[in-house]
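Same chain, two partners: chain A is paired with chain B first, then with chain C.
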Partner chain A sequence: MKRKLICLALSFVLIFSLTACWNARELNTVGISLAMGLDIEGDKILVTFEIVNPSYTQKNHGGGDVGPVKYVQGIGNTIFEAFRDVSLKFDRRILISHNKLIILGEDFARRGLINQTDQLFRNRELRETAYMLIAKGAKAYEVMGINNGLEDLPGNYILNLIRNKRDNPKTVDVRIMNYLRDYYLEGIHTVAGVVEMIDRTQIDETGKDMGTKDKELTVIGAAVFKDDILVAYISGNDTKALNYIKNDVKKGLITFPTPKDIVRNRKSNLEDKHLSSVLTIKVKTKNDVEIKDEGISLKSKVKIRGTIGEVIGDIDVYNEEEFKLLEEACSNTVKEAIKHTVEKVQREIGLDIFGFGLIFQRKYPDEFKKIKDNWDEIFSHADYQIEVETNLIRTGLIDTPINVD
Partner chain B sequence: MISKNITSNKEKLIKAFNNSSDFVAYEFKTRADIKILICFIEGFVNKDLFDRDILKPLILELDGQKEIKEVIFTPKIEEVDSIEQVKNEIIFGKIAIFIEGNTNCFVVELIKWDKRSIEEPNSEAVVRGPKEGFIEDIEVNKVLLRRKLRNNKLVFEDYRFGKQTNTKVSIAYIKGIVNEDVLQELKRRLEKIDIDAILESGYIEELIEDSPLSLIGTVSNAEKPDIIADKILEGRVAILVDGTPHVLTIPRIFVEGIMASEDYYLRPYYSTFLRLLRIIGLFAAVYLPGIFVALQLYHQEMIPTVLLINMAGAREGVPLPVTLEVLFMTIALELTKESGLRLPKNVGATVSIVGALILGQAAVEAGVVNAITIIVVSTSAIAEFVVPGLIQGIVVYRFVILLLGGLMGLYGVACGFIFITMELVSLDSFGVPFAWPIAPREWGGLKKDTLVRLPLWKNIFRPKAIEKRNIRRQISPWRK
Partner chain C sequence: MSNVNERIIKERNKIYYNQTLLLLINFRVMLGLNNLPILRVPPANQDVWIVLLLSIPYILIFSLPLLFLSNKFNNFNLIEIIEKIMGRILGKIVGIYYFLVFLYYLVIFSSTFVEILDNALFRETPTWATASLFLITSIHIAHKGLRNLARLGEVLIPLILVSLFVFVILGYDNYQFANLFPILGNSTFKDINRGAIDISLRFVDAIIATMLTPYLVNKKDLNKVYIRSTIYSLLTITLITITTLTTLGPEFAKRINFPFLTYTRLINFQPAIQGFESVYIVFWIIGNIIRIAGYLYISSVSLGQITGIRNDRFILPLAILTLIAVQLIKDTRPVLGLRGPFNQITLIISFMSILVIPIIVIIVYLFRRKFKERG
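Let's look at the complex of A and B:
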């Protein structure tokens, strides 16, 4: 009995002294940060936090008219110094474990990330799954306050824009851990998401204010890094092609010229080119690299499974031949678009953002060791071939297009 | 021992009963001029029958030749030859008849006293199933049990405990099904009892259980004959105690806590769902406040963002640290429960109104507590009632887990979980591991009648931990 008691007492002492979750923080002593902006201001780093004002959730209980967020800024020679500078101006400790968005000002990104962002990965609180976005042509804090969505919190508005990639692959969703992983890999160059401020036509219910301009955000396109330095942006369509090659497309739209474009019905006003579109359900891409006598050849094989989204033109989807024509036309368009993008990247940027280098490395490890320093050069002159196969599995609710009687 | 002179017997008895006012000693002569003394305790005896069946025949018919059994027609007549024994019989409500010149005393049972009628017990109400419950009278309880198990192998063995109370205790089991080891162990422990009073079966429970210091008892109890019959049929032993409707059964295993008699009367799917619900309820009741506090204080990153923001909003302006807040609310809840139970029924409505204020909107609006705390605390309070057999353990454990969570975060909760589990698996009930069939694990027990309740025709065997020899319950109807 005595031994038992001693054991029990000892184990309690050990529980308390050896280890425990430490650093208890009451929720009403912290400010929850949802988004973080990093900028260069003069020579120093300017950090902007979007802090949720939790009282806004209590509106029903007389919380008053409080805005949902507050912005606080800190400045310092390093990121950590800037973080600590915030505490001189803001009353609560900032909780960044819910920070799901890191927005980098263009200046900041052009100065290179690796030499500045060590703290982001060393900090035990910060989420490595936070999305990384580049504020195109702007400071990070300029885009941070804009909210044109229904979300109360501007941070969530941007977050949901990124997540909408599943419906429209014209953007990328890069988390900081993905970024760091790609940075250390040889044979691929990193890309990051882009957020851009654009003008928006204000539409008022009364119609009075038509024409006045307002700002909204878009995440179309992607930013290309050479090592850790921002060098270029690519357009939305190129980003889409990039996602196709990276096998990272869920639901996306493919619009292409209708193959059998004779309209029996003359009521149609569209005269020259009629378009149809396909909604992809699943896209599977296999890439390959081969060494040939004349140089290196890159290959992609894309398999698309989709449904018909719209058909304008004389196609009877119940006719197998015409249906095949539709599939073929879709394949051709995708083929052209991807080929166009790859060639454009080879020509204009000259960086392998698609990851062909990774495949090369896996397939010919010894050769890669020799050429890895000028892989980008080799990539830019490589020959690119692509095969696309489309398989449409659903036709939608109507058979003949509505412009055919 | 019994004197031929009834006057001396009378004096002895009156002395033995210390002139107690309810002791009646009636001396008279029959027509044949035989002196007779009748002793009994007033109130224990059915007076109409006493007049008709005892007094009248004795006075009219008893003469020198006739035996007393030829005069009094009742099967329950015994001859007793010591004054001590007579005393004991009188205490249990029997009528003692002394006849002048006879060294024997005749004891007749003609008991009638007021008892509660058989009702549905409050604590074990069912939608489907028998509504009758045990009452305070042990003889009635025996009948109720015998009516469920009309079987000559059902055995009652009577004991008397309590030097002052002389309480009747009876153990019941089915010969051939009962685990003999458990039965012998029980008898051994019962024989050691030497106490002055047994007022409720809880006394017996505490005196015979394996681990008297553990938070969860290793003897279970029920108020309904169908539940007790089912347990006896699984090889257990029941202990009936006079004066209480709560009948004990041993051995007890932990999973009995998540079972209910209704499980066997409803569809197996629904019963299985209910079992899962009770397991969730059990965990929520013990761990929910602790985990809530731990997450909110130490592991904010584990809470979904929107929920965290709502929680932070609710916390704004609440003066107390969250651990104390939850602690106070839990105590307030226990107070409401306890006072709701103790208050006279006509004041009960007041408690429910006041309780709703303390644990409700008013407390939130006053800014003393936040709404989410109330939801958490009341959820765990509701959850505990789905496992009524384990409430006594749950309430204490909940406080322990709450404090551990507040002091050490999820690490503390995990430590608490380990300690609780260690205690549960270390318990034994009369040689049967308390945590069976979870530890020691037995798949057969787990999947047939623990986590899921298989259809009756699938449940061929009795739980193996309790009875090892005669385990077959039925032959599957599909094999016939």
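Let's look at the complex of A and C:
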């Protein structure tokens, strides 16, 4: 009996004490952040949050003019202080668990990331899978809020632009986790994605504002870091080459000059620039480093499997010989482009962003210990060789181009 | 405790080979899983998984003295064995030492568990509330006796192990096997052996195995269960370590308090399926509660042995003592977040408990036997 009474009393106590989690936060008490911007303002850190506006959907249907997101800012000596500053201006507690984007202003990135961003990794709320972007030539808050897509939320608009890398490798999709993993490696310098504001010609269906300029965002290119400091940007084409070398290309487009010796000039003008395109299905790259008498030699072997996207010119891809020439032309273009990028990075940036140092370290660990402090110097003067092999495995719905008789 | 009572308790708590195997695997896997200490022991680079594999023979060698004693006196637990060999007074003193060792591990494991819960789930919940939650559960389990603890383990530990393997597979997209190279390129033979010895001293479950021996249905299974549990658990931890290394990289991984938790946070299927860490945390909590309940039970048994009072009377007081100790430790300093004294103390205690004292006891036993044979 005594035991039963104790159990009953305990159950009674538990009913009231186990109603919910300790310090539970209800949805109507938090502001869900989708994107976060970090900038330097004077000597302080300015943090900008893109907060989902929960009242948007209902008011939108009722004709209200409330936007889908709100922007709140906080300033402080550290990121944490800036986070807390937001609480003095915004009524809800910011929840960053759903934050998918971290945009860093160029000034912020040029000051070095690791020392300033410790809080982000210590805080369990922020997901390590959030993408990291550098606002090229701008403050983070300047690019936040621009939405030229169909997505309601500007954060999701940028997120989808990054995800489009699967179709166009002229950008990089670096998550903060990838950045940190690479940061600690010896023999590679980190890169991050870039977001840039560009002018866009307004196309107005009324015809009144035709030609006026509007802003849109592009995520083309990549930002290069030395240690954790932003030092340079590389172009979209160079980023594409970087992705090829890093074996990080899924699908993409390769446009190359149609082999000239077989352009028969039947229906097109010879002066025209004939370009054909290949859609890549699979790209596999193997890199290697060798020590030679004359120095270090860097090597890449790229294998492309693709399908013909378009053929402009008089080439007859139904012909085995000409088909081979098309594959060769594709390979040569990729080869030239990658070689050009590597030599440009060696000459202009002088940092190994491709990870040849990692291969060297793994292949020659003892030698790497001796030269690791000078690796970038060695990389800058290293000879680079590349082999590209293209296999076109599909021709699309037609084989002989429509302009070939 | 009267001999009859003692016998009844042992009879009631008989456990089978599979149950003992699973309990020992769980104790070790949870120790390795919590903060993956292997990532920080020498050489602390991409070769630590080799260190783990090398630690298997070291663990088995270090356990030899304890296994020898347990095999010789397989009807008695470690404290009874020591009392038999060393005599009543000295036996009691060494027995008290072992009780304090169990209590120390109970407190350290509980403090670590509070730290896990604080970081993973209850960030603002006070220590006493977090610790009370799992200690009440552990009291209940320990009160039900070893047999029920083993049955619980038999049901849940396979689930925990399977879940770990599933997580390993789910995160495959994030693997970068290049992080494991160069193999043995940056590590010296000395570093790897130092690391293997260090890590093998952290796995103190040989003492637990000797406490469980008298409860085994088939005493001859002791060696088999010990060797197999060591191999299976270390292989599981090696798999987890390789997974973590390939995903996070060796340098970043060793900066993280709970690397496998971070690993599970990275598992996601585009665009929105993520949050796998919640499932992992559930299994993590269950595994740790089983371990803490096990140590609470063993501590109570050792205290019961020393005082001659039924062990279940000590479960609640020991849990309260643990709660107070955890409160004092956790409200003063982090356990995992600091490379502080706990690591050193634990290594010294392990060295004494696994190697030094058992070797002394064996020497005394051999001398006594020799004198007995002469006499």
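Just so it is clear, the second predicted complex is superposed on the first by the 362 of 405 C-alpha atoms of A that agree within 3 Å, B and C clash if a C-alpha of one lies under 4 Å from a C-alpha of the other, contacts with A are read in each partner's own complex, and residues count from 1 in each chain.
Here, a contact is a pair of C-beta atoms (placed from the backbone, for glycine too) under 8 Å apart; a residue touches a chain by one contact, two chains touch by 3 or more.
Note that the coordinates shown come from a computational prediction; the quantities given were computed from them, not determined experimentally.
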Go through the superposed model and pick first if A:95 touches only chain B, second if only chain C, both, or neither.
-> first
First (chain B), second (chain C), both or neither touched by A:227 | neither
With the two structures laid over each other on chain A, which partner does A:343 touch: chain B (first), chain C (second), both, or neither?
-> neither
Should A:177 be classified as contacting the first partner (chain B), the second (chain C), both, or neither?
-> second
Scan A:15 for contacts with chain B and chain C and give back first, second, both or neither.
-> first
First, second, both or neither for A:185, with chain B first and chain C second = second
Looking at the overlay, what does A:127 touch: chain B (first), chain C (second), both, or neither?
-> both
Which chain makes contact with more of the residues of chain A, chain B or else chain C?
-> B
Return the residues of chain A at which the contacts from chain B and from chain C coincide.
-> 21-23, 127
Write out the stretch or stretches of chain B touching chain A in their complex.
-> 294, 296-301, 305, 308-318, 321-322, 364-365, 406-412, 415
Residues of chain A that touch chain B when the two form their complex = 15-16, 19-28, 30, 32, 34, 52, 54-58, 61, 63, 95, 97-98, 100, 125, 127, 153
How about chain C: which of its residues touch chain A in the complex?
-> 119-120, 122-125, 129, 176, 178-179, 181-182, 185-186, 248-249, 251-252, 262, 265-266, 268, 270-271, 274
Provide the residue numbers of chain A that touch chain C in the complex, in ascending order.
-> 21-23, 124, 127-129, 163, 177, 180-185, 358, 361-363, 365-366, 369
